[in-house]
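Naming follows writing order (A, B and C), and every chain is counted from residue 1.
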Amino acid sequence: MTAASEPAVSGPGRRFLRRKPPRSLVIGGGMILFWIALAVFGPLVWTADPTALNLGASLLPPSQAHPFGTDSLGRDVLLRVVNGASVDLQIGLFTVLPALIIGSLVGALAGYYGSIVDIAVMRLVDIVVAFPFFVLVIAIIAVLGPGLINMYIAVGLVGWVSYARVVRAEMMVAKQMDYARAARVLGFSDARILLRHLMPNVIVQALIYSTSDFILNILLGSSLGFLGLGAQPPTPEWGVMIADGYSFLARAPWISALPGLVIVALAAAFSLFGDGLADYLRPEIDR
Amino acid sequence: MAAEKAIIDRDAGGKGDAAGSILTVRDLAVAYRRGGRALDVVNGVSFDVRPGEIFGLVGESGSGKSTVIRSLIQLLPANAAIGGGSVDFAGRDLLRLGEREMRQVRGRDIGMVFQDPLNSLNPVMTVGAQIGETLRGAESAGQSRRERVLAAMRLVHIPDPERLYGAYPHELSGGLRQRVAIAIALVASPKLLLADEPTTALDVTIQDQILKLLMELSGRLGMSVILVTHDLGVVAQTCRRVAVLYAGRIVESGPVERVFARPAHPYTAGLLQSIPRGPASEGRLKGIGGTPPSLDSIPAGCPFHPRCAFAIEACRAGQPPLVAQEANHLTACIRHGDLPDLAHV
Amino acid sequence: MGAFLLRRTVLLVPVVVGITLGVFLLIRLIPGDPARVLLGIHATPEALAFLHKSMGLDRSLAAQYVIFVKALLRGQLGYSYFFGEQVIDLVLARLAPTLFLIGYATVLTVLIAFPSAILAALRPNSIWDQAVRFASIFGIGLPSYWLGVVLVYAFAIAIPILPVAGYGESIAEHFTFLLLPSLTIAVSLVPLVLRALRASVMETLRAGYVDTARAKGLAWHRVMGRHVVRNALMPAVTVLALNIGYLIGGTVIIENVFAIPGLGGLMILSIGTRDYPTIQAVTLVFAILVVLVNLVTDLIYVVLDPRLRAVIR
């Protein structure tokens, strides 16, 4: 995987490659930035309450007042989707960050120390991996109870595995490199070597992976929302909205339509961004 | 020009038997499209092959010899275009045939053996099935096909054919695999076998076996063989006549003994001189200075002139045609008459 | 082949042990008395005492695990108070629709992806090829449940040619009722298989034996069928196998969208009713399914590639 005999970055500093970013990176990144801006500033600019009921205006088709219609409780679909951007952004962050941090740490330790630590970790990984991902997450949520917090816990408990594997593999290669050996010879403590010398290098692959994991977890989160196991009504989460709209599919298809389109667009953005990022960070990889 | 063409026609037809050639190639031209440009790979190649003879086509890598041989059965990649010429085989011009008719010719009238038996055999099919595939059609099915396959296997001296019929290529040695490839090519009793560097990928000892096999088969079956190679030693061992290819053009052709004993083109002479002669030779290996031209920068006039010790001003102007040095011995060097004995320079 | 099967099955044992261990620990994630958790609202003192004894809750965790495994081997997956049945009966009743769905989805994936990939590989940079590459990028991000909703709207509501939901009664009805759900699953798998197969076919087309096949005078369809595709299949099978877990997990949500009475639907139902024995059992069955499918895939590999058989011998 890491064919270079030199680290991609060394020490605490970061050397950014002076190359023109590929188009996919720019387009994908642009769309993602737009979404983040929407998520952060949308509710601040459009201050209407997305959970406020307005039963008199329920199931209205798209019009000038309501560009994407209203749902069964009279709430403006576009407003809910914009607010949903924040909710799903949170979901992305809170599902990826714990898994990334825990998984990378565990993987780094397993790769660095080897022997019993490694064996124990890999056995645990094997157990988790033996289950279909989705099924295991649902099972854990079933046991803990539905809700956003429990969903974060469940995804964290299952999702750390991928990061651990990636970082462990990178670590096993990196610790043999000359710069790591030099640090050991100089008498640096393990913790210092790990944190300042090795981690910045081994974590690159995990970071690249996290961009695809981010969107996958948003898809997962909205799937769980759809099933009623993640975000709970009246929270405006895209999956929850699609589920709400499903009961009214014949009469009011617009309720389910917009949130889904937004998800597809976002996923495509991440796909482009991920491809572009991989190209940018590792130019020598053959595509 | 017309006079020289007449000479070629008279001699290429063979002594007194225009009908004696099984294959007659005239002015074959093939170009590759690469990045929007057309590169001439083969340019004005002419030669003929007599029945039952082994004909050598010699050249370095990139000389276009594979392209020549593949174009005979239209087995070129999608970005190749045959630019002109004719290939007369059994009264038909093969270059004018549509794909359907060409398919009839392939395998049955003309067989082909490729260089690397590791790659040229399908790893997931048994050897017997692959040989038998050439015999497709109602003409032979079931038991009689199996018999013919076994007969072909015996012909190429594959030991224990009944058992190896069901073997897979990875279970066989390199030499055996190449024998299978030869069996595939000749099971339908073609009159002509095209062999594209059939021994280059094999061990030296096996090379010898395969070459001897080809000679034996040619003799027994009366089958002609066009043997493409870069190795003059192979040519000396097996071929009766030879054509030397350089930068997509034939620079010399004729009977092997004549060409080797009295080369009529500086390139041929250079090739002959660079063959190591063993510990008896004095001094260092003599190579030919310079490198073969790349496809997009072939020199005008005689393509060899930048590397030629005997080049004169006229060599730069216009591609020299193939003319007769002596009967049947053709050369494309305009100075062929007044060059010293090239074999002993 | 028999020896290979045996050896491969033996390698499965640690995985299966891991699965049973995971499922065993799952219930114990809930704080409190596991027996009380399992019984839920039916936790009468007698029932509690009975469960305590039969699950061995007064003994060590390891002993409890052993009891658990022994019960599993006897086919005892517990009792569901909500449904009023043995869980094993529940599971068996609902196994068929899920298996049907998975099989149907796999077949549809192959039917869509294989010809498209081969065509795209044969005509690089053509419209078809561009379309395939486009589908690969966008297909990956398509949420399957939303696609299911869209397909239901398109083909069951707007143009009512297919049923909205359910499983149907006869085999023929199964095929119509499960068409949309299977298609939904297939659409999420197709981009992945497409990408792998297209690349693989393009590479195989450059192989030496393809030249040999053409030089024999074989017609193109024969060259493609016997020489190219058979050799190009491996990476595509690998991709399918790698994503089987995703496919099987996806049936949970699809069964929910289309109200199919399979294991996925059972899972969601039991979550709503806090029917922990059933949740536990269904998780176990799903995991075992994945393991079995992987075993079948390995067998397919060996059949496809004779070179692997030599390694075994």
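Methods note: a residue touches a chain if its C-beta (ideal position, glycine included) is under 8 Å from a C-beta of that chain, and two chains touch if they have at least 3 such contacts.
Predicted, not measured: the structure shown is a model, and the values here were computed from it.
Undergrad: Could you let me know which interface, B-C or A-C, is made of more C-beta pairs in contact?
TA: Counting C-beta pairs in contact, A-C comes out ahead.
Undergrad: Using CA atoms only, can you tell me which chain is the most central one in this structure?
TA: Of all chains shown, the one whose C-alpha centroid lies nearest the global centroid is C.
Undergrad: Taking each chain's centre as the mean of its CA atoms, which one is farthest from the centre of chain A?
TA: The chain lying farthest from chain A is B.
Undergrad: Could you work out how far the Cα centre of chain A sits from that of chain B, in whole Å?
TA: Distance between chain centres: 60 Å.
Undergrad: Counting only Cα atoms for the centres, state how far chain A is from chain C in Å.
TA: The computed centroid separation for chain A versus chain C comes out at 24 Å.
Undergrad: Between chain B and chain C, what is the separation of their C-alpha centroids in Å?
TA: Going by mean C-alpha positions, chain B sits 55 Å from chain C.
Undergrad: So in the complex, the part of chain A that touches chain C is made up of which residues?
TA: Residues 123, 126-128, 130-136, 138-144, 146, 215, 219, 222-223, 226-229, 239, 242, 245-246, 249-250, 253, 256-257, 259-260, 263-264, 266-268, 270-272.
Undergrad: Taking the complex as given, what residues does chain C use to touch chain B?
TA: Chain C residues touching chain B: 207-209, 211-219, 222, 226-227, 230-231, 304-307, 310.
Undergrad: For chain B, which residues are in contact with chain C within the complex?
TA: 73, 75, 102-108, 111-112, 114, 116, 118-125, 130, 133-134, 136, 168, 170-171, 181, 184-185
Undergrad: With touch defined as at the start, can you tell me which chain C residues reach chain A in the complex?
TA: 14-15, 18-19, 21-22, 26-27, 29-30, 137-138, 140-146, 149-150, 152-153, 157, 245-246, 248-250, 252-253, 256-257, 267-268, 270-272, 276, 279-280, 282-283, 286-287, 290-291
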